Amino acid sequence: MASLYSYLFLSFFMFVIGMAVMIARKNVIAMLLGIELILNAAALNFVAYTRFINQNLDGHIMSLFIIVIAAAEAAVGLAIVIRFFQVRESIHVDDATQLQA
Amino acid sequence: MHGTSTLLNWILWTPFLGVLGVIIFPLFFSKDKQDNVVRWWSLVNTIASMILAVVLYMKFDNSVPGMQEQFMVKMAWIKQFNIFYTLGVDGISLPMILLTALLFFLCILSSWTITKSVKGYFALFLMLQSTVYGVFMALDFFLFYVYWEVMLLPMFFLIGIWGGENREYAAVKFFLYTFFGSILMLVGIVALYYASGKGIDSFNILALSGGKFTDNMVSMFGTTFSFSKLFFVAMFIGFAIKVPVFPFHTWLPHAHVQAPTAVSVILAGVLLKMGTYGFLRIAYPIFPQASVHFADWIAILGLINVIYGALCAMAQTDVKKLVAYSSVSHMGFVMLGLAAMTVHGMNGAVLQMFNHGTSTAMMFLLIGILYERSHHRWIVRPDGSKGFGGLYTQLPRYSIVFIIAMFASMGLPGLSGFISEALIFLGIYQKYTTITVLGLFGLLIGAAYLLWMFKRMFFGEVVEECKSYTDMNAREIFYMTPLCIAVIVFGIYPAPVLDIMKSSVGQLVSLLAQFQ
Amino acid sequence: MEYNVLNIGLIVLLPFFAFVINSFIVKKFTNLAVGISCAAILGSFVLASRVFYDFVFGKYSTNYHVHKTFEWFNLNGGGQDFTMNMGVYIDNMSATLLFMVTGVASLIHIFSTYYMKDDKRYGRFFVYMSLFTSAMLGLGLSDNLLSVFIFWELMGFCSYSLIGFYYEKEEAGNANVKAFMTTRVGDVFFLLGILAVYWQVGSFTFVDIYAYLATGGMEGVMVLGIPLATFAGIAIFMGTIGKSAQFPLQVWLPDAMMGPTPCSALIHAATMVAAGVYLSLRMYPLMEAGGLLPFIATIGGITAFGAATIALVQTDFKAVLAYSTISQLGYMVLGIGVGSYNAAFMHLITHAVFKACLFLSAGSVIHSLHDHHTHAHVQEMPRMGGLRHKMKFTWFAMWCCTLAIAGIPFFSGFVSKDRILGDALVMATYNPYYWFPAALGFCGALLTAFYMCRMMFLAFHGEPRDKDLYDHVHEEKFSWNRNLPLLILSVFTLGVWFSGSLTGQKLVKVAHEKIEWFDTLIAEPKLEVFKDYQSQEWGSRDIKSTLTFSKSVYDSTHGKSEEEYHHVHKVHVIGAWASIFIAFGGVFIAFMMYIRKSWNPGWWVNTFSGWYRALQNKYHFDDLYIKGVIQKGLLPVNNFLAWLDMGIYDKYAIDGWEKVNRCAFTISKWFDHIFVDTIGVDGTGASVRAFNVILRTLQSGKIQFYFIMIVLVLAGYIWSLV
Amino acid sequence: MHLSYLASLGHYLPELIVCLTMVGLLILEATYDKHERGRGMLYSAAVIGLFVAFCISVGSLTDQAQPLFTNSVVIDPFSGFLKIIMILGTLGAVYLAAQSKDIYSEMKAEFVILATGVLMGGMLLASANNMLILYLGIETLSILSYALASFRKADERSSEAGLKYALYGGVSAGIMLFGMSHIFGVVGTIQFSEMGARLSELSGTQIAILAPSFFMFFAGLGYKLACAPFHMWTPDVYEGSPLPVTAFFAIVPKLAAIGALTRVTMVFFQDVNALHHSWIALLQVVAIITMTVGNVGAIGQRSIKRMLAYSSIGHAGMMLMGVVVINELGARAILFYGATYLFMTLVAFLITSFVQDKYGNDHFERFNGFIYRYPLMAIAMSVVMFSLAGIPPLSGFVAKFNILAAVIEKKYYVLAIIGGLNSVISLYYYLKIVRLMVFKDVESDENIEGLGFVNQAVILGLTVPVLLLGVFWSKLISLAGAAKILIQ
């Protein structure tokens, strides 16, 4: 029977991987996936905490919303990526260099 | 509002009405008439405010030390912070108000030759007058600060638009410099507000004064500072920049050299005094113990001003810059007088503020008159050739006025500068003998650079290009005369001015004496 | 009539009003203005002579002094008080001074109506003169140091304006700046002295200072490690040094001859330069208390001798007189230094008379020597000669003065100068140090006699050296406003006016008793008189004189006993003879050199060529001050400071903050571009590659670097917590 | 007491109206033909809707505060005040969008819709009373903002801006959630009201977990608020997105975020608990860095839009100072600041936008000698610039004064002084515009179509409050003072 900590560890691991993806991968799609990972890590936490510590439904609700919003965000994100692809013929993140920082 | 008279309101807002007039009246006139309409209207306006100031002087009661109840104006402004619209006048501010009234009137006359967007110029100029009045009258700390800052806007534009070739730089520098100082002041103001318990009087300068904050402490960076010392320093920097005291003085030459004549006159004649006025009205009364504690430093800075300003002035080849540095030097005397904290010293300082106002105003007006003829101000051109020469022969009337102004500002007995400087030295001798000795050398150098400048410009054969210059015309003579009279009369018989200030100053001195 | 501030002050006010009125009307009604000036000064002469009479013979003759004050301004209020009083203070000395000043000034005014007539600024000259006279009289009447200082500076201003009177000349500008600044060096110290005295005594007034000294309150008071009396004494004496052109501030007086000759006569010979001496006399008790007398004597001696030596080689008519003035002022100061109070003052008076006369004569000479090629007046003695045939009267007047200044018996100069030298000797017998100033004094006397006669011989005797010039000199014909002043002044060069003893007596007797009369007139302030002074209230302070007109003769040698009186008497006799011989010796040498031509001055010049050059360069003082102190010292400092101020401090320290911000901005840019793209990218890559196999192919772009940043911040924060 | 849902709706009118407006607009937009009339209708509909919402929220501003929807949303004067400002901001942005050429004419409808949506999110965020709503609010804000940012289809800069915004947004939202999840785990609830109570009794390990979690939680808000170190997206996105959008971003999301942050801080950390000090320290540091970064960054800019972007970072820092003090004074100061900031920003962006439409870019030089061509506009611009720099007697000064007052009241003198010095720095670059407008000579004198009579009138109309609020601010400050945060 997995303990809370294994869940936490797993979620933390997902979070780290997500961040790593955000940092490492050039492909924008992959980066969007990274975001998903991070969000899911959070969602997992919520569920886990609800399950093990406090028995109210808040965590579950949170996670549900997270999933929904993640979907929405992904949708918009993809749309933007497509737009970006149309103008730049690339989804390589390093091509986003028009704006002088 | 309590108090029996709304005179101060009138004085304060007359120039503001003038601004409105400048904006509105021209609309009723044809293009070619507008400029003159504006000029005359501004002139009338300044005359009006001068008359009001004289009325104030008439009604003023010399014997009363401190604020004159009869003129007090007090209205609630911001309830949440107990900010009031409080005006008042005492023996320290009245001379400044009179000076302001006089100088602005004369400056309007001297600005008659301005042709570049006349409307804007006079509007800003009158606005400046209003704000200056505000600074000298405000008794509410917030109000004071507001006027102190607002004063920057017209100055900024006046220097920036009508100034010399490098005007932008000068204007911005002036603005930023002063703003920097006043931010520190603002922090001090708010800190005081809370230190005094946010009460009904917490922005009331009078109520705050008297050395209430002796034992408040402030903890910062792990250590604790004395509240009063900390914020005395903050205020000091704020005012010192305006004076300007030595390390903060470098905006002055730029501003003076670039500013148009009238503006330099106001700058030197009135605005510099606002700094020292701040000491007398705010820093000293509110933090007497801190002032006493820092008196040595004030004295030393003042001395540096005197000597340093004079030495720098001697090296200048631009006559306006020379006079600018000279006013650094002369304000140094005021600082010395303030550091003395004796009856002679303080009275001398206030008197010096007034006298320097008149004499330096004369110098700048004269330089302006010359500049209108020559369009340059070189004593010695960068290429080493003479900028002027033999002006004495060419412009006899001008030269005589110039001599009066020059000797007045180097403190020749019989002219106004002397008495104030003598009083100041009398004041500081006891406490700071060494500084007195050195300061006297400042007096010496002060004479040197002026005489040297005068000799180089006025003696000898008339330089070719000076042959075309015309002597002062009626208008110029007219606006120089009052200053000449002031300089000479108050040089021979200073009592009228001293009588106004002496009881208020004496009160301040007595207050400081408790903390010596 | 009872004296009060007004009817005494009128002496000052008359010329002052003249000044005020004239300065307005002078352009339009020049002659009227001139008339007003002269009338004013004559008027105050009348008043002054009445005062003089009252004090010497009349109803005030038994008064020690009269002192009336009024309030100038006060600073009472707010629990503080300070009252500044002004007033008039008359004792025999100031009465005499006023009498002399008004007299000489009137004569010079009259002379000026002749001399300046065809000058294009005829009127303005009188405007200045009126202001000056009123200032000088004001100084004479002052009852306190501050008002002395005020009038002192005012005179400085007048002398500035009059030296720069011919402002078309560049040199005039240089001369008057030099004069004003040099004297102002002294004035600054003077002011310092005033402050020092004020803070000890609590008043500026002479009588209070005397009273304070009488109570001995100054003993043991130190300022900056110096005894107060000494400190204040030196400071105030510096004022004298500046104004009276003493060593080492003597440089300005010769240049001051730029001004019109009458003003040289009045200001730079008769009155203003003497004001310094007058001040020292007024402050004599302070100097004495400060133990400054040896110092003062030395300064005086050096000046007297040094100036005389320079005068030897001058060829300019007025320059000789200028240096002789310095030298004579030196004698006065020497007199103060050797405690010969009244003699010093008498020399002030006598010198004023004969030096004024000399200058006026010089004026009339120069005025009539007109070079037709350069259209300039000639002052060079080498071009004169034999003028006595053309201008007999001037010649006569000038000889009187020359004899006076040379110290020939029966002339005023002898009376006063010899007394000074005698007292110097006396002091020397008490204190060997005084041999030095005394010796200088005697040598100076020899030189004085010599160079004055040399001047006379060169100018008036022998054959005319510049024939053409000589021919154009028009025959001197008597015009009252030219000759009357000369006449009157030359009459007063006789010693009898001062010694009061007639010439029938034996010469030697005259030598030591000659100035009893004057002694009774002037005596140094008796401090015990002032003992009870503080008690009396302001407004009016007369006290009956405690000094009788009997024997205060040798007061200057500090009230010695009988046998010492005999000693003093002996010494005086010796001194008298010595100075007589010296005077005649000087005359004789000059005679041999320039009339008999049996001794050749050229020989001296060649033998002592080094000295000669040094003398011609006035001992290089001007070079030292102008080239050394100012050009090498002051100006570079100024330029450096100005450069430091604008070029460094303002440019970098003040405008620096803006640059700092710009830097910060560029750094952040740089941070993004360089750091992120290279170090950030590869660096992170490398570091991660080092330990992480999964992310081997890691490459990071700019966007991603921000994530790295976030992670780093996060990590940093967490780390900071644990 | 918890109202029933229906009863709650009664108090939730503004949001509902904004929602309805959005929906209505969507429908309209479906029937939207490319004719002016249609667009006119659309605008009027939007404006009417927003105006109604505005009126209602103004009317209900003084209502007594209460939680709604089982305490997940709280309607209190504080949020009401913020909502009013946000609605006004949206109105301004809509007006700007209608005028601006920066948005393709066929896209303007979408802009209005999305803006309304963002406003909706903002309102949600402002009155969020539990983590879920907070998160929803932020995401509503963000997701629509991504779309807005990448609004100019053909413009790669725009789409790049959108991309970056999306990526940063996603990540920071994720981080925030991750933080939230741990917070939830420790305190065991997502209700602010209950969390506040729980925070006071904590064990060591719990604190050890919570501290980083709160920082992560802060990341999300900080990112919306664009405060360091989460500000890096701001310049890029602000520059990339069309000008009206930038203006919109500079106002609505910022205010919403600051509101939420204030609420969170007040609710959690008002009374001293384990995390109190570290939270304050965090906010102080962040505030200082943010101000400095913003102002320093603004100095070197050539484009005014970019300059304003950076300066908005600076202002965010200023407002953060108001959060640091955690008391009514701070909240009041923040509200006042927001109100004045709204007008100043709008005026600045309006003028800039017209200039940009004329010349294609908004570099400083475009403003040379502006006063000789459009004196009124130049004066308005100068007034706004001085006000932003905090020169009396302009509202910007009063706003800063209030913030400083709040900070000094807590005796954070160093913070106050740094804030002051920052406004000196800001004065430097604000002056730059004034300088160019007033001191330089005109470089081109063809007139700017945008600045017609109406627009000038509008701009002046928006400038008036900037002036008035500087002198007669008693009313507004008392309003803001009354707008308290509901703390259960």
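Should a chain be cited, it is by its letter among A, B, C and D, assigned in written order, with residues numbered from 1 in that chain.
The criterion applied here is as follows: a contact is a pair of C-beta atoms (placed from the backbone, for glycine too) under 8 Å apart; a residue touches a chain by one contact, two chains touch by 3 or more.
Nothing here was measured: the structure is a model prediction, and the numbers come from that model.
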_If I average the Cα coordinates per chain and compare with the overall Cα mean, which chain comes out closest?_
B
*Which chain maximises the distance between its CA centroid and that of chain B?*
A
_Between A-D and C-D, which chain pair is linked by the larger number of C-beta contacts?_
A-D
*Where the centres are mean C-alpha positions, what is the separation of chain A from chain B, in Å?*
65
*Where the CA atoms of chain A average out and where those of chain D average out, how many Å apart are those spots?*
26
*How many angstrom lie between the CA centroids of chain C and chain D, rounded to a whole number?*
77
*asked:* Nearest whole angstrom, what separates the Cα centre of chain B from the Cα centre of chain D?
replied: 43
_Contacts with 2+ other chains: residues of chain C_ = 669, 703, 707
*Could you say which residues in chain B touch two or more other chains, in rising order?*
none
*chain A residues counted as touching two or more neighbouring chains*: 19, 22, 93, 96, 101
*Determine the shape of the graph in which chains are vertices and touching pairs are edges (line, ring, star, complete, other).*
other
*Chains grouped in pairs wherever the two touch, ordered by label*: A-C, A-D, B-C, B-D, C-D
*Complex contact set, residues of chain C against chain B*: 72-82, 146, 149-151, 153-154, 157, 161, 164, 167-170, 172-174, 176-177, 180-181, 184-185, 188-189, 191-192, 195-196, 198-199, 223-224, 634-635, 637-639, 641-643, 645-646, 649-650, 654-655
*What part of chain D is in contact with chain C in the complex they form?*
164, 167-168, 171-172, 175, 208, 211-212, 215-216, 219, 229-230, 232-233, 278, 282, 293, 296-297, 299-300, 425, 428
*asked:* Residue numbers of chain A touching chain C in their complex, please.
replied: 19-20, 22-24, 26, 93-94, 96-97, 101
_Complex contacts: residues of chain D adjacent to chain A_ = 131-132, 135-136, 139, 142-143, 146-147, 150, 153-157, 159-164, 166-167, 169-171, 173-175, 177-178, 180-182, 184-185, 188-191, 232, 235-236, 239-240
*In their complex, what parts of chain C are in touch with chain D?*
658, 661-662, 664-666, 668-669, 703, 706-707, 709-710, 713-714, 717-718, 721-722
